[in-house]
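Below, chain A partners chain B and then partners chain C, in two separate complexes.
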Partner chain A sequence: MSQSKHMSLLEVQHLQIEYPSRHGVMVAVKDLSLSVEAGEIVGIVGESGAGKSTIGNAVIDLLSPPGVIANGEVLLNGEKISGLTREQMRTVRGSKIGFIFQDPMTSLNTLFTIEQQMVETVLANEKVTYEEAYQRSIDMLNAVGIPKPELRIKQYPHQFSGGMRQRVVIAIALICNPQLIIADEPTTALDVSIQDQILQLIKTLCKERQVGCMLVTHDMGVVSSVTDKVAVMYRGELVEMGTTSQVLGAPEHEYTKSLISAVPRSDIKLVRFPMVNYIEAAEELHQLDIANHWLGQSQDQKAYQGPLLKVENVNLRFTTKDSIFASRREYVQASNNVSFEIVEGETFGLVGESGSGKSTIARAIAGLYAPQSGKITFEGIDLTALKNEQARRPIRRQMQMVFQNPYTSMNPRMKVADIIAEPIRFHKLAENNQQVDQIVADLLDHVGLGRKAGIKYPHEFSGGQRQRISIARALATRPRFLICDEPTSALDVSVQAQILNLLKDLQDELNLTMLFISHDLPVIRQMCDRVGVMRHGSLVEVGESEQIFTSPQDEYSKSLISLMPSFENLSKAHLQIASS
Partner chain B sequence: MTTAVTASLSRWQKIKQSDFVYYFLRDKVAMLSFAVFLTCVIVALASPWIAPHDPYALESIDIMDSELPPVLFSDEGDERFFLGTDNQGRDILSTIMYGMRVSLTIGILAVGLQLFLGIVIGLCAGYFGGKIDSLLMRIADVQLSFSTMMVAIIVSAIFQGAMGSEMYSQYAILMLVLIIGIAEWPQYARTIRASVLAEKKKEYVEASLIMGLKAPRIMFRHILPNCLSPILVISTVQIANAIMSEAALSFLGLGMPVTQPSLGSLISIGFEYIFSGSWWITVFPGIVLVSLILVINLLGDWLRDFFNPKVYKD
Partner chain C sequence: MFTFLLKRLVQATIVMLVISLVAFAVKDNLGDPLRELTGQSVSEAERQAMRTEMGLNDPFVVQYKRFLINAVQGDFGTSYTFNRPALEVILDRLVATLELVFAATLIIICFSIPLGIYCAINPKKWFSKLIMAVSSIGISIPVFLTAILLMYVFSIELGWLPAYGRGDTANWLGWESGFFTLDGLSHLILPAFALASIMLPLFIRLVRSEMIEQLSSEYVKFAYAKGLPQRRVWYVHALKNTLLPLLTVGGVQIGTMVAYTILTEKVFQWPGTGFLFLDSIQRTDTPVITAYVIVVGLIFVITNTIVDLLYGLINPTVNLTAKG
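After this line comes the complex of A and B, so read on.
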């Protein structure tokens, strides 16, 4: 398909995508131009709302209404494919452009076998016999690394694991020999161990078959491991584009620099994340005189010697099948003989894959679940022996939790000031209403939201700001122990860096002890002094965080650590490295 | 994506700019339905003042005026009675106005009772779960397995027998509210339980548990306000249902007495005369009843569509 003039495989010229609404026109993508060559993987990276998925959808004309291409054009091999009719576009999709979706659990039709879905794709796009189409499907499944394809092709999607399904999705995307593949967050829904295999598969297939690939992702790890070129998007605009090593190693635009410095690194531990105010400038932090302020005057500071929190042989199981006969009940062991200690002022991390029982332990400590056996002691008081809510209340005040999902962790029908004031009023920690208002305003100020935030409702804030409210609420009882359950996993990377910085600052000021739970190893490395690795409800290894990351002892820890994305080619400018 | 937070807006401006008003003003069916419903409510409330006659004042009724046809349809009509008269000489127009008052009162009060029972039972069942949940929901299932009509007929027949029809007709409104309220609460309890189960899993409930808040406070202050939208939606349907149940009971002679007719009893009165040519006694109240129910249901549909799109408000 070589023409006289050099033509890129995909050429996007001055593309402008708009979403008209009653509040005016929202420009999702502004005057974007980029190109993809055959056999090249171009990463499109950016945070949520940057318009990166919109580009992919616009190329194959699958914009969700009311989105429209307001300006610009898309060329495939020099032929214009934007603005085609539905029927013309249909011939382009599938046969010339393949699409890999984010969630393999929902992108296959559960009612059809893999054979039906693959053969259908071929027959819809090409004039071949059923046998040929079947043979091609088998070959394709072989190519994406599915063992025994003759057997597996007869099966339904639910008989495949998540990673295997994504392989099938890739096979379907490639079966008509498209020239271009658009992959929209192809590994976000997968576990770390599978993520890498899928990325390598996409990479090899693209190189072998000389297929161009547009890889949309928010994950710097993905970008650095597979892409040749990278385009950085910020609020609908392309701020920087270049080869991957150049953009990641020597970023030029301020946003790219800020984004890269906010990535939690797996290789070094930083004191703080620098320059993260590009996205969402927090209000100027008003320094509080903590020692003389209400926040610093907890009446609960006792001189207790020994570890603040002790978890001893905690067993906890959930009933999966109930029956009146004890022998027929079925359980899942969510926590199996877990023991660890947390000393005052430190951050203890719990890490593990989904379903490993990290959150269960946190909820048992917070008193939401009662363990079947074992002891949890806080300052020498055995929490599992407390019989009623009355006895537990003084402990509740000293232990608070920051939750994962900033969208559901606050009552959407209460004003922010009431949300934060509720624990103060409930535990009668202030003398009168004026003092409560004063404390709430100070707290909001202190977490970087400004005093006026109190009169609004939670939905008026962004995810990161809501997480700040959540932290302010947790601090409102003047706790000594803070449980953070994946506090940043729903946030964009630069907002995550801000929240992590805030937590670090608060910990230093208030001498907080923290239990920090995350599935994200680099985040754990940045935050924690000591780490426990969990698997299937058991704690497999506990140790100093630097020691776990540099020389893990347990086999499982070793494999987890080895799967961490490496950011060797990431710029290290402006970073303060913590001395161990 | 614009996080333009305008805090200085007054409450009224906020309401005027809200999505609710915006989408309402762009939906002609919803606006028309609301206008009709509002007219019905105003007419019902104001009937003692705006109705041309008082159908309850027996001294003003003349039997000689009975079964006069509507003015528009026949020369025999009397100008005093625009929509004609019934078999006792009452003005149909006034009787419809008063009847609508009775029907709406029963509908709204019965739904109020259902709401109260449904909220308490549904919240307890959903929040506490386990045995309490099983017990309450089985009671609801049993209640639902009797048809509303059957329960209503049995109960009202028993009360009518025990109290005598005279006494019964005195307390007819109260009795109908109780009967319809008790027969239909499981609808509410089920809906509320379902939304409580969904809300209970959210982290803000866990956060209040960790704070040490007590169950009633979490239930009523945190969970209940977040279950309001489904409650609002089914309330419209339930009001329509309650009005219909009342009409059906009255039609069967177990509801409002002839002296205080509701829309249902008016239809029933006229039904006896429909073959003797006096169609207007049945048809006009029938039209009013059907349009009242229709607009309430249309409003309910619109509310459901408005609340349904599951988008994060960000």
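After this line comes the complex of A and C, so read on.
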């Protein structure tokens, strides 16, 4: 090697990763070349299935079988590290390259203490005594900001919160002073406020220790706030790479533009998300003559005067520690004196971090949980006073839910048409089977799946398509009120943009009232007319969404809004796309 | 912890009550105890007088209550065949049965864990495929057939091991057992393997599938990424997680195995409770039958409670002080 040529910390050259199977070879990553310098954070961004995690796994030779590196090589400090033997590779892992996984809940072994898991890492990679390794672990825990490390190190992973656990994972990844860290979606499973802390921690540690970092993420906000360079992946290919400000400020590739435009903006409310059909082209939405169609004729009730839904002083608690003595029982107050109103035709947003009680309220409204005290009135009927399922049934028809996870909220053994027809049949909303079939077909057309989708099973659809099925199912009872509990948090951004567009369109056509729950502030801003901010089971602030986002009154709302990842770069890109 | 134990105690009592009801129903309906007690010469009038005297004409509830009160004090009546308290007869034989169950459990643990792990980490090797094939055959062959086959091959054809009986026993710290003599051990091998044969394949498959699941989990991948040697990842990280569900299943299966001893003991003429139970049925020795049902039920309940406690001690995420 000539000294004149500059050597990057990590050099990936013409990397091709393939998954051979009986049905032919699936190419996960195609002819990829990139480099990471010391002290530099390179973001790899793309949507699910783009092959971005595969790159990180290939670098440390942990591809899940049957994946293989078919071509190309990986160099660390000019030394080839692809194609090493298992033992040679082991000396690279941990000591030269640290790895941070997405979910801190599953990347630590639940049966071992933090001490055992940290010390074994040092002992496996370096020749030191147990005492030395222990001391290093304590120091490292200090460095990642874990208070009282001497005490905490004796604990098991489940005794840590999600954010603290991710700090432990980062501490383990860095404890042997690696030159490179690969972080695979390190903050996806965490709340916004913790996400920011973790990202800043990774950034500081990288700069301080001159460690290179490959940050794999789907979140443009994360990319924009911490990375120096960014590589955009699309279906296994690198479509664009450059400095972050360049790629986000002046994207060249069509896909990058589409991806950026799909990111919900935190600074201004748009009517619709522009150009998002690059990935998953939905069928053309069939326009229905709503006024004359079955869907539009639902409303046997006249427009109700006053708020459609009223939640008054709702209290709900769960038992965390049971005891035969009432005084020794412990509870968590999931909902603490919550009151709000939703008027017909509006979208009311509930926002807050995980565990703040957003979903609990939604479930209480839907009648899945019974509150200990308080009233929930729908069209003037007190839902908490309903005695049995029979009495609740007409309300259930008026009120439908779209759940967070489109993979688990459908029966995998039922065909899509039957899934959608079930509520129609159950509530006896159609006269005969022919009519049911007709309605189901129209609904499928209307949510952009096409009527042929009815004969398939849920597993044949992608996440976004499944969420469309969930929406069609929710619409099948001709509801007036739709509860959307994190409807897009399991989806990619571009798919999210499509689903949010669909919900907006349907709401306009059918005059739906919506309760929209999300932890994602920009999404809330794009969707909601009014917003309630929740914390620890209490509603800390309610107001017009524009007002909350521009001048929040409550301290907590202020901090939450200030923590939204900065979108300065993105905003520029939005403008550029809009003007072109 | 206290609440947990209290709860388990209440549950155990309910289970034991149900079992006692079954046992009493058996006692109440199986044969006529007077036929066993009296000869041909006793007249019908005398029989009726004896019935009244013994309380056999009392209503069901009264008799059940009496049975319960006696049972709690360990009194299940006197065995007709042995003329000794039924419980004493059972407990005398229980050592032999537990010895057999213990030996079979040892065999299951020693074979299923290594073989299951081997199959999980080398899924494509021919030996793994052979183990899986043999184990699926093993599951489908009934215990008595395995027992007869083992006996035929190893005692009749090869003549290596004795075919029946318990052999010599020795006393060690007040425990009379065949474990302490060579003769006792040689008598133990065949019955123990026969008894293990029904559970062993099941456990091999269980260990294998649990281990495969653990090996594909995220923490295993993270352990590799930390630079740990493969052995440590396999035998420390994945294995401990594999053994947890095994413990739960194992607890239930040990109880089941006590029940399977009936067949094994009969075939090998093993002087344990199972053998005694079959004999008692033939002789309609109802006190012994009821005592057996109760004792086996009690063993079931105790092992399961111990397993639940152990699970809570090993798995830090299970908090016994919280909801039980």
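What we mean here is this: the second predicted complex is superposed on the first by the 490 of 580 C-alpha atoms of A that agree within 3 Å, B and C clash if a C-alpha of one lies under 4 Å from a C-alpha of the other, contacts with A are read in each partner's own complex, and residues count from 1 in each chain.
One rule holds in what follows: a contact is a pair of C-beta atoms (placed from the backbone, for glycine too) under 8 Å apart; a residue touches a chain by one contact, two chains touch by 3 or more.
Everything numeric here is computed off the predicted structure, so don't read it as measured data.
By the touch criterion defined above, A:Pro423 lies against chain B but remains apart from chain C after alignment on the C-alpha atoms of chain A.
Once chain A of one complex is fitted onto chain A of the other, the partner contacts of A:Met401 are limited to chain B, with no touch recorded for chain C.
In the superposed model, A:Tyr331 lies in contact with neither chain B nor chain C.
By the document's definition of touching, of the two partners only chain C reaches A:His158; chain B does not. In the overlay built on the shared chain, the residue A:Tyr130 is in contact with neither chain B nor chain C. When the two structures are aligned on the shared chain, A:Asn411 is found in touch with chain B, with no touch to chain C.
Legend: residue contacts after superposition of the two complexes on their common chain; A:Phe318 is shown touching neither chain B nor chain C. Under the contact criterion defined above, no residue of chain A touches both chain B in one complex and chain C in the other. If you check the complex, the residues on chain A that touch chain B are 22-23, 26, 49, 363, 366-368, 389, 392-393, 396-397, 399-401, 403-405, 407-414, 422-423, 426-427, 452, 455-456, 459-463, 470, 473, 477.
Those residues of chain B whose C-beta lies close enough to touch chain A in the complex are 1-3, 5, 7, 22, 202-204, 206-214, 222, 225-226, 312-314.
Residues of chain A touching chain C in their complex: 60, 62, 64, 86, 90-95, 98-99, 101, 103, 106-112, 120-121, 124-125, 156, 158, 169, 172-173, 176, 319-324. Residues 3, 6, 216-219, 221-230, 232, 237, 240-241, 244, 314-317, 321-324 of chain C are the ones that touch chain A when the two sit in their complex.
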